[in-house]
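These are the structures, in C-alpha cells.
Each of the next two complexes has subunit A plus one more chain, namely subunit B in the first and subunit C in the second.
The block that comes next holds the complex of A and B.
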C-alpha cells in the first residue's frame, strides 16, 4: 500500500501532528532514559573495555534521542521544556529503561541492552518507509549505529551463559526485565490507530511485539535460559500467552518510583543553578549533513 | 587475555600498532577495539592479535642493519642524476630521511 507523504510541520493537521508527536515522544524518551541509566555504569563496569563500550552505546542513544527531540522542536517544544522542566508523569519512555541496576549486576545491563536493542531494531525498521519525511530522513542514520549495540549484547549474553553462575545471573535478569521490556510495545492510547492509518510506521505495535518475542524468546532459550510464558493482556490476540505486565507501563505516564529519582538527578544542576534555558554546544541536526 | 590492536586509517594503508585491549576472545576483542581505538580517530580497519602470539626482537639482542658500513645499500651513496625519474627522486628523499632517523636512534 502506497502511503501519501505528509507535509512539513506547519502544514500538518491537528490529527497528524498529534500522531507524530506521540510517536516521537516515545522514541526520544526511550533513548534518553536508557542512556541516562547506562551511564550509571561509568567507571563501575567490570573492566575498562566494558566500561568504554557501554558508555559509547549510551552516547549513541543520546545522539538518537537528540535527533528525535529535535523533530519535536519543530512543534514549538524547547529543549528546556522537553528535558529539564517536564513533569515526571509526562514522560513516555518504557519502564524497563528506567529501572535501576542492582549493584554490580552486569548481567542486568547485558540482558537489558539485548532486549532493548532487539526491540529498537524492529521498531526502527518500521520507520524506514514512514509517511513523515522528517522521520524517514533520519532513521537510517540511527539504524547504522544499532548493529554494534546488538552484537555487543549478544556477545556478552553468550559468554555469560557459558557457565553456571552466569546462567543464574542472566536468568534472574530475564525474569525481572522481560515483563518491563514488553512495555516498549505498550500502546499510548487511541492515537496508535492514527499512527498506523497515517503510515507513520509500517508495522503495528502488536505485530512488532510478536516479532520481538519470536526473536528474543528462542534466542534466550537457545542459551539455556528459561522464559516464563509471556503473559500478555487479554486484549492482545497473540500466540504468546500469559506474561504479566508490570503496573507501570510508561507509555501512559505511569512510572516506577525509581523514575522520580533518576529525573531528579539529571535535572538537579539545571534547577540548582536557576537555569531557564539550555546551553547549545552542537549545531542543529538539520544544519549537519 | 590481552590483545594487541593495529589501526588502519585509510583503505590500503598500513595497520599501525596503537595499543591493546583485554577481552576473553577475538570476537569481543574486535568489539572493544572498535570503541577503544577506533572511535575518535579516522579508522578504516582494525586488526587484533593475541598479545602472546606477537613475537619480538629488539636492539638489545641484535644490531639492526649490521655494524659495518653498508652505505652501498642506499641510493644516496651513488652519484646519479635522478631528476628525470620521479620514482628515483622520491626513493632518494625517503632514504635520506631514513638515514637521518637512523642517526637519531
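The block that comes next holds the complex of A and C.
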C-alpha cells in the first residue's frame, strides 16, 4: 500500500524515477497504440453509431496517452522523442493493442475493446492511491472517461453473441486475442518490485491479472463462448499450462511484425515533412516549475 | 447477424432494449459527468478577490469556451488565480482529456491574464484534480447553457 508520498520530479531518487517511468511508458504506450489501431475502423464500422463510438473511444485514449506522456515530459523527454522518433523496440505497449484487426471483423474490435478496457479499469483502480501525486491527481479523470468504453463493448458482445454467426466470430476473436491480452500484465523486469515497494500502484501485476481473468472468463462463458482453460500461463504459475503467452510480450520491447507497419504509418507525416520537433503553440502548461 | 439497430423504437424487442439500456434511461452510454461533487471551494469565481487578482478574474470571465457561449469561469474551469510581484498564475482544468482545443484555450487564458494592466506575465498550470464535473458550473453558467439549448 502507499505509505509515503513521493516528491516532485526534480526531488526523486534514480530508483524512484526509473520505477515511475516504467509505469508511465506502459500506460501511455498502451493508450496511444490502442487508439492508433481503433482509427482503422473509422468510417468502416457496421453502423454510424458504432463508427462514432469507436472514433470517440480512440479520441479518449489519445487524451489519456497525452496525460501520461505529459508526466514523462517532466523527465526531459520530448513529444517528438517519445512518439515520432522512438525506435520500434523501445515501445512498451502490450501486443494485443498493436495487432491488425481481422479483415472486416467487427467481432475482433468488440472483443479487443472488451478485454482491454476491462484490464484498464483494474489497473487504473490500482493507481488511485498511488504514492506519486502526479499520477494520483489525474487518474480519477481518466477513470471517469473510461466507463462507457466497457458499456459499449459489453453491449456489442451480447448483441453478437445472440446468433450463430456472431458466436463463431466472437469465438475466433477470443481464441486469437486472449493470449495477447495477457501481455497487458506481463512484467517489464525487476523494476516491477520497485513499483510495488514504492507504492506507485497498490496491486501487483499477478493480482491484477487474476482479477482480470476472474472477470472476463465468466463473462465470456456466460455468453456461450468457450475459453480454453483460460487460467494462468505456465510462465507465471505452474498449476495450469493450457494457455501460452505469445512470443512477443511488448513490455520487454519485443513486438509483432505488424507493429513496424503501424509505427511507420503514424510517423509518416512527421518524417515526410522533415520535422525534428513537434509544433507547439505555447510552452507546455504541464511542465513542472 | 443482428448487427443493425431497428430504426423504429417501437420495433425494439426486449433484447434490443437491454442492449441499448433504454430501460435504464441510458440510450447513449457516454461519460457521466454528473456524479462528481463540487469541492467546497469550487467552482472558484474570484468572489472576494481584490486588486490585481480581481482584475485577472475579470479578464478570464471574458474568455469563452470554444464550443459554447459560456465564460470559462462560469464553466468552472478555473480553479484558482494568484498574483505575486506582477506574475499571475492561473490553475485551470479542462472538461475532457481529449480536448482538441487544449493548447489554443490555454494560450488564450495566458494571453488574457498577461494583458491585464499591472500584470507582467502569466502562467497557466493545467490541473486534473479534482476532476471537472457539471456541478462545477456556476448558476449563471447553467443559465447560459440552458439558453444555448442544453439541459442542465
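A few comments on the model shown:
To be clear about the criterion, the second predicted complex is superposed on the first by the 266 of 289 C-alpha atoms of A that agree within 3 Å, B and C clash if a C-alpha of one lies under 4 Å from a C-alpha of the other, contacts with A are read in each partner's own complex, and residues count from 1 in each chain.
We adopt the following convention: a residue touches a chain if its C-beta (ideal position, glycine included) is under 8 Å from a C-beta of that chain, and two chains touch if they have at least 3 such contacts.
In this text the structure is predicted, and so the values were computed from the model without any measurement.
By the touch criterion defined above, A:140 lies against subunit C but remains apart from subunit B after alignment on the C-alpha atoms of chain A. In the superposition on chain A, no contact is made by A:100 with either subunit B or subunit C. When the two structures are aligned on the shared chain, A:160 is found in touch with subunit C, with no touch to subunit B.
Residue by residue along subunit A, subunit B and subunit C are tallied for touches, and C comes out ahead. When the two complexes are overlaid on their common chain A, residue A:60 makes contact with subunit C while staying clear of subunit B. Judged by the touch definition given at the top, the superposed model places A:253 against neither subunit B nor subunit C. When both complexes are overlaid on chain A, the residue A:199 reaches neither subunit B nor subunit C. When both complexes are overlaid on chain A, the residue A:9 reaches neither subunit B nor subunit C.
Subunit A uses residues 47, 49, 148, 151-152, 155, 159 to touch subunit B in one structure and subunit C in the other. Touching subunit C in their complex are the following residues of subunit A: 46-47, 49, 59-60, 62-64, 66-67, 106, 136-138, 140-142, 144-145, 147-148, 151-152, 155, 158-160, 162-163, 165-166, 280-282, 285-286. Those residues of subunit A that touch subunit B in the shared complex are 47-50, 52-53, 56, 148, 151-152, 155-156, 159.
The touching residues of subunit C, when paired with subunit A in their complex, are 1-5, 15, 18-21, 29-33, 35-36, 92, 96-99, 103-104, 106-107, 110, 123-132.
Subunit B meets subunit A in the complex at residues 21-25, 27-28, 31-32, 34-36, 39.
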